[in-house]
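Next, two complexes with subunit A in common: one pairs it with subunit B, the other with subunit C.
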Partner chain A sequence: MTIQHPPVDREPPTSSDEHAATVTVEVDGRSVSVARGATLLDACRAIEQPQPTLCFLETLTPVNACRVCVVEVEGSRPLVPSCSRRAEEGMVVATDSPRVRHSRRMVLEFLGSSVDLSLADDVAGWMEDYGADPSRFGPPTPPADERDGRHAGHHASPGPEAGAETVEQPVKIDNDLYVRDYSRCILCYRCVEACGEDAQNTFAIAVAGRGFDARISTEFDLPLTDSACVYCGNCIEVCPTDALMFRSEHELRRAEVWDEDEQQVTRTVCSFCGVGCNLELHTQDDRIVKVTSPKDHSITHGNLCVKGRFGYDHVQELGDDLATTPIDEVLRSARDGSDAGG
Partner chain B sequence: MDLRFTDAEPTAQERDLIEATVPRVEVVEHPGRVVRGGHDARSQRHLLLPALAAVQAGIGHVSEGALMEICRRLTVPPAEAYGVASFYALISTEPRPPRIAHLCDDVGCGPFGADEVIAEVQRRLGPAGASTDGSGWARSPCLGQCDRAPAAYLQRAGQEDAVVAGADVSDVDHLVAALDDHPVTAPAVTVPQQGEPGLRLLARIGSVDPTSLVDHRVHGGGEALRRALELGPDGVRAEVATANLRGRGGAAFPTAVKWDAVAAHDDPKYLICNADESEPGTFKDRVLLEGDPYRLLEAMTIAAYATGCRIGYLYVRGEYPVATRRLADAIATSRQAGLLGDDVAGAGFAFDVELRRGQGAYICGEETALMESIEGHRGEPRNKPPFPTDTGLFGRPTVVNNVETLLNVTDIVLEGGQAFAELGTRDSTGTRLFCLSGAIAVPGVYEVTYGETLGALLERAGGVTGELAAVLLGGAAGSFVTAEHLDVPLTFEATRERGLALGSGVVMPFDAGTDLGRVVARIAAFFRDETCGQCVPCRVGVVRQEEALVRYLSNGRETVELELLGDIDRAMTDASICGLGQTAASAVRSAIAQRLV
Partner chain C sequence: MVLLWGSNARAAHPIFFHHLLKGLRNGARLYAIDPRRTESAQWADIWLGLDVGSDIALANAMGKVVIDEGLADRRFIEHATTGFEDYAAVVADYTLERAEALTGIPGDVIRETAIAYASAPRAQICWTLGITEHHNATDNVLALINLALLTGHVGRYGSGLVPLRGQNNVQGGGDMGALPNKLPGFQDVEDDELRGKFEAVWGRTIPATNGWHLSEMFEAMDAGTLRGLHVIGENPADSEADVEHARALLRGLDTLVVQDLFLTRTAELADVVLPAAADWAEAEGTMTNSERRVQRVRRAVSPPGQARPDLDILVALAGRFGHDWGGLTAQIAWDELRTLSPMHAGMSYERLERLGGIQWPCWDEEHPGERFLHGRLWQEPLGGRPAPFLPTEWVPPVDRLDDEHPYRLTTGRHLDGYNTGVQSGGFSSPNRSWGTLDLSREDAAKLDLISGDLVRVRSRRGTVELPARVSDALRPGLTFMAVHYPEEADVNVLTIDTWDPKSGTAEFKATAVSLEKVDSAATATVGT
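Here is the complex of A and B:
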């Protein structure tokens, strides 16, 4: 018997007997009406009660994996992720109960004790709000082995003096355009979604391995240059912790030349084709150091192609003899280094 | 889909193995363009895991060339396929010894002989992962053979996989020879209560020939299906509702509620029999699968008839080779006999069963992870709602039932739901299987009418060997109990009242000589290995739990570590996506609360 399956449709069926356009829920004692289909996060935002989120992004399908946005819903034993749970008529939601605060604090401590969050927006503030102290699990303990080689179902048990195991590992630098610093990776799945069905449909990366040893990877951990990557950089755009970073930013940070306070952001339109993608050119010392696109832009939703994202050198006319700024020095020496060293 | 593959090619042997599992890519020539695969190929993604498993079984690992060939045929991105392959413990994406003995060192084997075996195997074959003339070994979580500990699961490239247990493992010469190429014969399936009156689920175990459809019929097989056809789908569901049958896999959900919900939906919809039994200490489903596969198929057929499902998936644990082979034979024979297919038993309805094999992932016993696994994705649980009865396998309404739950259906149909409901207590009807192992005189699967106390059950199994220190009740996701709990009736309601759960029916006593600290630490290590890694509370929580527990056990920084363990526990229990994370602290919590460690 050959079994042919219909395409997977993950949307829950809508009940035909519920025609009302809005539902009303109670959030922290306040009544909120939202459009049917809206999430609890939408309801919170409607009354200007933003919730912390890490894996959630408006332009991507919620994966509800980080659990920092959990809220308490009356009648539900476990807490529920506000980013993906749809509001139902009459739901009573608490966003600041002791259980909610505890779980959020622990999520922040779990991540803070295992991942480098120093470049993650907002996290330091939430740590303070929730009283998170990642150091209480003991000193950070980098793994002794190579994480990419770990096998599902096996780990070295911690010793009696064990501190907190981390995901620390060397930065992956295998091309001139962007780097992958998975010491900063919280496994939010955003890059996988952006590379896959939610934006680019390239599928160069996926989650590999299992459990704490899960990691974002190409097939067989091949370098990006041997993978399906098309260097659109949409993964960089969505990364909440800067684990994915322009090579230029990485090198300038390493050389301690990177200075966001000195940078300007200029919004313009990409000149390569007729689509009209908006670009945000980040410049420092009259040099383009990074390109982003506004997530709320009706054409791009933050996405670009390789030309818009990385094809900017022609506007700077940077021949070797013209390079004079410290930025040029750093980038040229990085480029020469990778030419020589591969 | 514009996929990019590397140049790696499969060997001829790999290609043959893949060819047998995944049909060759159809090349369709439309005017002006050539289409390879397309939707037809992508709709076969559910063959990804079977294809990976076939290569693993034949070669001993999945090479880049083999992975690329599978991806080309199924139009699956290589990165995703690698993500799937590397999710499973029984699949290796790197060369490793073609013959591996997976030696259980879990709670049911570690304190009961496995330590000595592992030390000796290590002396003979070198450290874990090393290859000695193509043979190697690895530590393994519970293999579901606890009644004959210690146990080993043998993956032998190019040969049938096998399980050896008990004396055959303790005799390391025999173990190493079996790993090499010694044929392994499956022992007869027996249960300690064999021949006792009043057995229902176990009544035929040991007496019916599990390899014979004829013998199935001699022992009454087929009568339940005939009765079900008389009752009609609505009638069958009504009897199951009257019986108050509740799920035996751990969650105790009313079966009829699931069935009614799915019956109300339109086709296509699916039935899944969850035979991915992996809870440490649990082996009841293995005994049922090995000992009575035809009865399970009959029960699945009745369930499908009652709910209108035309396709059933039987997802069996990868470490159960005997069960897998018997089920495969039983399915093939049933098809030939017209008991599966387009016109089941001439009754005018269609139903067929697809056998799927797990590849070493406890999490795939969680129903939504199991569906992801069947679909060819990583076994990561889905957020609920939506529930499987609305949006399940392939996005369609799906009934998921455990093996033991389904087997109850044949008796319910034959004798009526009322008779079933009169057994046991009001809320816990029928009989229940318990897996007794550890420090017990006569280990094995026992069937008792709901209501028997823990103490009576232990006595039934010959009593605890040595002085009772603690009993692990319900599995690694369950709780430790002590002599104070011997009076607890083993029912859903009585255990819940005492803050316990029956889980998958594990009853594993430990005597006073056992190092319970090691047992509890092994449970923490188990969850560290088996979490899927999707959500933060569980992925990191199980790591922090193991670290804090090991520190607590070894240097007694009690206040600090106990506070940490309590905090970790609450976050995992409250905020994890699925039942694994929500129960990953349960056993540790109970051991500490009762000062067992």
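Here is the complex of A and C:
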């Protein structure tokens, strides 16, 4: 047996037919050519017609969960999710037809009536654009029981006074690094994907329950500290509604110290190991208040490990008495509180 | 295909491991070679759990299989290498039977691994300190290089030799000439022409002979020929092998100056401590990662108190020595470097920012940087000198196992820890396990230990007492300690300071120890 190596390869292997060809589609009456394999969302973006998206993220595999990006394709009975549907030669696409507008409005109303979307970027604007009125299902009615304890088919039927049932529940705080506020969770699956095959491959969380009882959960609803979680924070990075939030941000918001207008973002390189992950340090009042990672960088694709995401306390030890800011006080008392709590 | 050799990248290089996992999901095969079945090895198709320090025996046996099976890349060997016949003669002695005896790995697994590596269209060997923290570290690396030369798995996209750098700028330190024998850009100190180029720009004479590496410095301290030390961002009073000896040497110096973020154990011994800023968040500059990519670091927050960036401290020191370096900034120093180090010439700050970093060599401002090195070996005709096979022989670890010290202790990292814990000890990690002596289920049963029991670990140099932890990653006879917790688990009291004469790295990975359960009645008084 002889080994025949290819001649010197300078570049990654590519399949030539996949990259050479383009396809042309019609979007709202305009002709647009995109590379074969591109999605309808790519085609829309190419002509600067951004579509609303919630569960879609460039760095993750599309799961088609939220349905807010649906478009109408001529000849297709159902509306199709533009984030995952590949563009095919000759497709005729409508992004603003009555069917599309109606569907998007319903999606936004269902979400808005049951989930706290107040921290979700752009959603308020879409509600206005599509004339969504979540209040038409009645007043928000928080669940009477613990959603995490529900078993399939066992929840109580709504009473005669019932308004719109919500997913409201207490914020889960079980560690110093991040909190889970599932009252804000739209079940977009991004965190599950980031914890799973798309990035971290830790599989600490998944969707538990069915229908309206479905929720993101660790195995057996254990606290994070008893789960497989390794605290990379890649789930927080991808969460579109701030249901997952850095403990620092959560505490500073609660103390009304958090002020994004006063924050700067500085890109630098992580101080641990040799991989060279890029960090975006969010600072306020000369303090690091959270760390994110650029999604468009070839090293990290938005991902970090626990050291890069949370290992910055050595530059601002909270016990330091050189200069104490309101931020230090809030974070220190949060930590002391959780220490005392065991 | 990836051979992950002496590397627990899942814990030590987590984002690199994301890329590796992507490869595995795309069908790549992973062979993990590690005495421990680490969280990285758990992802492997095949785990080769070799005995500590038997890497050369394994590599040479693989080389013999490749040759015997006719899988050597003869065309590449003839075109681009020298010394193949000598190599073939050396590895001829490494039969599968002998390798199995030396490594503990079944011969047919060695054979399968060798064939898979040689037959793969693309294959990488990635390694870290499991290869380099041995008394024969350089020989270990050469044994791996020989495998790549034998199979032509070098200098092509997707094939190569990948030493994963353990620290964020250890590559940059070398790039910038923080090596005893190199000027910036890996230019030899002892080359008169190259040295002259730097002397002309710096206006000073540079000593014409190589300096000392760290291990030689400690030997010089021992001999009394090195009496003063300026330590920048290093904590040898915790990190040196046989650390009690190192601490005594540091205490015996006439002058010790320590420049660091913290009052480390080394700084506590210092005559003068210069408080430094954290260069990754409190100063401007560049760092070089494991893939030779130079990237910008930027100041996001102010240094505390009187702490100053390292560069400012050095400029101020130069001022006290009578040299005015003016308003030297990181960028001015960088632009000077670009005139002196050809491999960095094309890396302006503007390009580094725009391109998200550039991999050296980058010869000019049109050059995109290089994804990988050694492509010249495939050029027709060959670009430059051929690559030599440098055959190496297996030698056992220096710290021998015997009846008195029957257990092998090896060291490594945890996911949420980093080196001596100076930087990583501060943040609140829910998974932090602190210092433990990890041992196999079988050995724990033999010693009547369960996790949490206090165990006395004794080497030929010192004794440490700490909690035991039963670990399924370990085989009988093998024990493990992480390096991050010198306060609770002073591992380097135990390790041996025998070092590799070529690299200067000590044999942290192979210590012979005895284990003894600490009487629970005595437990109350221990650890105070």
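Just a few scattered comments:
By our rule, the second predicted complex is superposed on the first by the 314 of 342 C-alpha atoms of A that agree within 3 Å, B and C clash if a C-alpha of one lies under 4 Å from a C-alpha of the other, contacts with A are read in each partner's own complex, and residues count from 1 in each chain.
Please note the rule applied: a residue touches a chain if its C-beta (ideal position, glycine included) is under 8 Å from a C-beta of that chain, and two chains touch if they have at least 3 such contacts.
No experiment lies behind these values; they were computed from the predicted model shown.
Of the two partner chains, neither subunit B nor subunit C is touched by A:131. By the touch criterion stated above, A:79 is placed in contact with subunit B alone, subunit C being left untouched. In the superposition on chain A, A:50 contacts neither subunit B nor subunit C. Contacts of A:224 after superposition on the shared chain: subunit C is touched, whereas subunit B is not.
In the superposition on chain A, A:201 contacts both subunit B and subunit C. Contacts of A:90 after superposition: neither subunit B nor subunit C is touched. In the superposition on chain A, A:214 makes contact with subunit B only, while subunit C stays out of contact range. Shared contact residues of subunit A with subunit B and subunit C: 1, 3, 5-13, 201.
On subunit A, the positions that touch subunit B within their shared complex are 1, 3-13, 63-68, 70, 78-79, 81, 84-85, 99, 102-103, 106-107, 110-111, 113-114, 136-138, 149, 151-155, 157-165, 186-187, 196, 201-214, 217-220, 222, 226-228. Subunit C contributes residues 12-16, 18, 21, 25, 69-71, 73-74, 76, 118-119, 121, 151-152, 155-158, 164-168, 170-171, 261-262, 278-282, 287-291, 293, 295-302, 304-305, 356-357, 371, 375, 378-379, 415-416, 418, 422-431 to its touches with subunit A in the complex. Considering their complex, residues 1-3, 5-13, 175-177, 197, 199-201, 224-225, 229-232, 264, 266-278, 281, 283, 286-288, 297-301, 303-308, 310-317, 320, 322-323, 335 of subunit A touch subunit C. Interface residues of subunit B, counted against subunit A in their complex, comprise 1-4, 6, 39-40, 43, 46, 64, 67, 77-83, 86-89, 92-94, 138-141, 268, 311, 341, 352, 354, 360-361, 375, 378, 383, 385-386, 390-391, 394-396, 521, 525, 528-537, 539-544, 546-548, 550-551, 553-555, 560, 564, 567-568, 570-571, 573-577, 582.
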